[in-house]
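This is the structure I have questions about; it appears just below.
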Amino acid sequence: MNIDAQALALLAGELLEEARARRPLVQNITNFVSMDIAANALLALGASPAMIHAPEETDEFITIADALVINVGTLSAPSAISMDRAASAARMHGKPWLLDPVAAGLLTFRDEAIRKLLRHRPTIIRGNASEIMAVARIAGLTQDAATPHGVDNRHQASEAEALAVKLARHCFCAVVATGAVDVVTDGKSVVRLGNGSPLAPRVTALGCSMSSVMAAYMSLAEPFDAALAATILYGVTGDIAGETARGPASFRTAFLDTLFSIRASDLASRIKVI
Amino acid sequence: MNIDAQALALLAGELLEEARARRPLVQNITNFVSMDIAANALLALGASPAMIHAPEETDEFITIADALVINVGTLSAPSAISMDRAASAARMHGKPWLLDPVAAGLLTFRDEAIRKLLRHRPTIIRGNASEIMAVARIAGLTQDAATPHGVDNRHQASEAEALAVKLARHCFCAVVATGAVDVVTDGKSVVRLGNGSPLAPRVTALGCSMSSVMAAYMSLAEPFDAALAATILYGVTGDIAGETARGPASFRTAFLDTLFSIRASDLASRIKVI
Amino acid sequence: MNIDAQALALLAGELLEEARARRPLVQNITNFVSMDIAANALLALGASPAMIHAPEETDEFITIADALVINVGTLSAPSAISMDRAASAARMHGKPWLLDPVAAGLLTFRDEAIRKLLRHRPTIIRGNASEIMAVARIAGLTQDAATPHGVDNRHQASEAEALAVKLARHCFCAVVATGAVDVVTDGKSVVRLGNGSPLAPRVTALGCSMSSVMAAYMSLAEPFDAALAATILYGVTGDIAGETARGPASFRTAFLDTLFSIRASDLASRIKVI
């Protein structure tokens, strides 16, 4: 393990402890599938979730929230309005916000909503490799028509890496493309991380919950550092949970239990930088 | 165990392996209670869930989906529109679709929505015995006013059997009425299956998740075969999960873990045809 | 342990057994985060959940339901209409209804919805200490501007006690303020209960599910008795679940399993009246 890995693990350990101490309040405008696991992941970490998504409430809530996640998983016309208003309000009040572009690249209505959200300058964009490639296409950075298959990831992060870097430069944000290898970039540096379990993609909305945890970190650190630290946390937590799981459901339980009990030293001893 | 049981187990085993190999993409317009467990059941099986339910997206998504589930559990005026459009689009594009008539027979608005959906000819109708009896009444096949009690099943499958057969003939579809004994029919043959755990009705939306798995199978086989294979899979998975569970929540975990690891040989050795 | 504690445990044991025998049907107009755990808690107890929340269905369903819960967690303009109509219909049909004022005191739209709901005279109001203090403020019983932090509880029940009593008198209802110590009052008597686990607030919507169970009890007993019995049940269940949990997710599993298997004698041997 080289020195960079240990510096990264140190960063991840510090943010883990800071999140537990400061309990950031994360506003989630998220899909109906992920609400339970996203809220439980934030609570297990020690942060404070709020699932506030009505247009009548989003603007007001952002003034007291520390960070905002916008996840388009179960998009609808009313929620698209809430998302647009919330992202705009977040920017106006200087609150960081994260875009989770679930199922980008598949549907006209959704891609148009994502295109509009990009104008409000997300602090971080986090999706699986297929989604990040699709967002790059929506942003006009490539003509390649990738072939997503539903909401599942069908690409290696290595395929998404060049577009992730382009997207980060274009949006002045950090970008995370997850997969068997996770790629994290701010448009200048690229870090590849190799932790995680093959059971993770068998648990619905686990990636969505990672976005919520990343948003908690985003309120405590620079975007690139927050993106790195949350990716490391999720990867190592997946490693540990995978060691005792008998299938996807016991993996989910072990994952959330581990988020609650994991220590900085676990991150240091298990981090895999590739 | 007679030869028929082994032929059925063989069918169920083949579809299990084919679903894992081909990973069908199942579009779910489902209730908010079942989203998590339905998506997780499909992922545990190896299929690919998508919870796409906005009217702006349902029609477009059906063109790439392999099958559709429509579950009226938490029906609303907007979702009734989505359901109608999606069922119509599924039929137009030749995609199989399954109707899960949660709480049929209790509420005017819901029964009217179900009546309209029946016009789009579902490929399979799956509900508990009380719900199947209510759908038969909605379809005008009986005058009997059964007395459902909320969304719980209050009838034996044997009480629903004659109406299930009538309904299958009337709709040219397969019908599954679940309970302690499950009845599966295409209007000609009737198969009664006796696997499952008494803990299963103590887990919310487990039946809804069965509908989603059945829809995955429906994209790979004829309706009656898909209905049989998914019913056998759920019954035997329930048997296995029930052996280690300490209550409904650990049963749910064991159930999803078992869906992930169950083998064709488990189906063959445990199937109970009645 | 004094005689009062044993009288309370006896009451709680009787209601536990009665709920299992009579299986009350509880209508839930609740937030999207809590639907899964609220339905599963009711099923684990032996009661019958129905998540019916569309304005087209709420009025009709209340006529067959035994009790109603209104939880404003993920409030929206349409759901505010449903809640208002359902509370009004519940009162008209003489069905008890419980108000769970999630995140009261934070948002204008929500506080206004709560103010309107109070006019329909809830049978019980159950929230965490911060929420109960906020509802007292919404009802005009204090000018103190408490400082809630998102949806988490930031107050001790002892801080909420005087306002809980005022609120119960003002609304002619029972009030439960939960926290490390739970306070239950009908405006005359006050009971403080000390059971429960520090893991409980780390599980999203566990309090919401307590409201649903309390509503089941409310259909079987006087409001104050139902409030006491459900608070005791949840506290002791938390004690037992906390003994084997390795973190919040295994606590959630153990909690629901324990709701299924807990006995009146467990309540008697573990109740802590403070």
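Order of writing sets the labels: A, B and C. Residues in every chain begin at 1.
The working rule: a residue touches a chain if its C-beta (ideal position, glycine included) is under 8 Å from a C-beta of that chain, and two chains touch if they have at least 3 such contacts.
Quick caveat: nothing in here was measured; it's all calculated off a predicted structure.
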C-alpha-based rotation, subunit A on subunit B, 0 to 180 degrees, nearest 5: 120
Same vs different contact residues, subunit A with subunit C, by half of numbers used: different
Between subunit A and subunit C, centroid-to-centroid distance (C-alpha), Å: 33
For subunit C, residues that touch 2 or more chains besides their own: 32, 36, 252-253
Interface residues, subunit B side, partner subunit C - complex: 31-33, 36-37, 73-77, 103, 106-110, 149-152, 201-205, 245-250, 252-253
Residues of subunit A that touch subunit C when the two form their complex: 23, 25, 32, 35-36, 39-40, 43-44, 48-57, 60-61, 64-65, 78, 252-261
